[in-house]
Amino acid sequence: MSVQTHRISVQTRGNSQVIDLTTELIDILRQAALSDGIAVLFVVGSTAGLTTTEYEPGLAQHDLKAFFEKIAPEDDYYEHENTWNDDNGHSHIRASLLGPSLTVPIVGGRPTLGQWQQIVLIDFDTRPREREIVVQLLGD
Amino acid sequence: MSVQTHRISVQTRGNSQVIDLTTELIDILRQAALSDGIAVLFVVGSTAGLTTTEYEPGLAQHDLKAFFEKIAPEDDYYEHENTWNDDNGHSHIRASLLGPSLTVPIVGGRPTLGQWQQIVLIDFDTRPREREIVVQLLGD
Amino acid sequence: MSVQTHRISVQTRGNSQVIDLTTELIDILRQAALSDGIAVLFVVGSTAGLTTTEYEPGLAQHDLKAFFEKIAPEDDYYEHENTWNDDNGHSHIRASLLGPSLTVPIVGGRPTLGQWQQIVLIDFDTRPREREIVVQLLGD
């Protein structure tokens, strides 16, 4: 068994933009020639998170954003914003809740996703960001 | 170190049913003769998630469901439901929030769970489903 | 590739206290002489969870706690509390939502965290607890 480190870089618009990373992961698996093991995806930074969803416009462009705005509204009071005099307290809360890591089994060179299940980054920050996702592959 | 792929299939009732998978994982570990490593559990599909809880009727049959209904109500407006003319926008939101994967250390052939901590699937879909959970084992 | 099991023990105050575990993980990696692989952190018990955040007083001592109190209030009705005649239904809900495990890539002996991204335990129980976090290392 071997360990390989790969990286995905994406330019985001922030503001809860949902970005599909599935194709990038499949490309990495092809280069890596990994057949069976796991892919650990980890987003560097504390204002974005990773999960899976059905990547269609309703969920990706509206429903996920509306949900996070409802449970952790942008204009609530956050002490974090006093610490740094900034505006992204809600971004941190949403990112901690969603979590920075996702682990996906790889079988026969493919992630074991459902047909309508894609791997997504949600960037909760309040400005465009260049995001780095570390993809650690373990397996044969 | 080796990689082994196992699968758990469960029939659910959907509607935020909470299903204990701990016994199934322990059975797999026994068959696999894995002593030390990790078990990566991953639910295929975008309307269910995995976590741990104390599997007792109060939490499993009432509190978890009530909580998800409060934060992502079934009858809220979801654009996803316009895309497909269906009724499970809330199921997708809840599943993305909870996350599809769970990674558990295995030590001496056992998952390192607490005494009142069980591994559970929550099926958020609006109808009964046959669910597949991929269990990827890495270790010795 | 090898598997190593380490443990972090921390004394908490409960009540959504946020505890930075980054230094403990870095110390373990140094002892373990792990260069490249993954660290799987897993908190034993069903009333605490793991994630990452920027560990500064605003988020760590106020905002995260206020957020969880808003979405799963301590004084809501939880059937769990009837099962055991206790007071920590909200602790269980919050812990299941946040999740007990976190997987972090290790590259060159270091976790691939951002500069303002720390690994934290949040202890949601209603009393001080001695917490054990299993740290399973896989890699070379």
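By written order: A, B and C. Residues from 1 in each chain.
Please note the rule applied: a residue touches a chain if its C-beta (ideal position, glycine included) is under 8 Å from a C-beta of that chain, and two chains touch if they have at least 3 such contacts.
Only a predicted model underlies this, so the values are computations on that prediction, with no experimental measurement involved.
Asks: Given that chain A and chain C are copies and touch, would you call their interface same or different according to whether over half of its residue numbers are shared?
Replies: different
Asks: Quick check for you: after a Cα superposition of chain B on chain C, what is the rotation angle, between 0 and 180°, in steps of 5?
Replies: Nearest-5 rotation angle for the superposition: 120 degrees.
Asks: Distance from the CA centroid of chain A to that of chain C, rounded to the nearest Å?
Replies: 19
Asks: In chain A, which residues are in touch with two or more of the other chains?
Replies: 1, 71, 97, 99, 103, 138
Asks: What residues of chain B sit close enough to touch chain C in their complex?
Replies: 1, 36-38, 51-54, 56-59, 61-64, 67, 70-71, 97-99, 102-107, 112-114, 116-117, 120, 138-140
Asks: Using the touch definition from the top, list the residues of chain C that touch chain B in their complex.
Replies: 1-3, 5, 40, 42, 44-46, 71-72, 78-84, 89, 92-93, 95-97, 99-101, 103, 134, 136, 138
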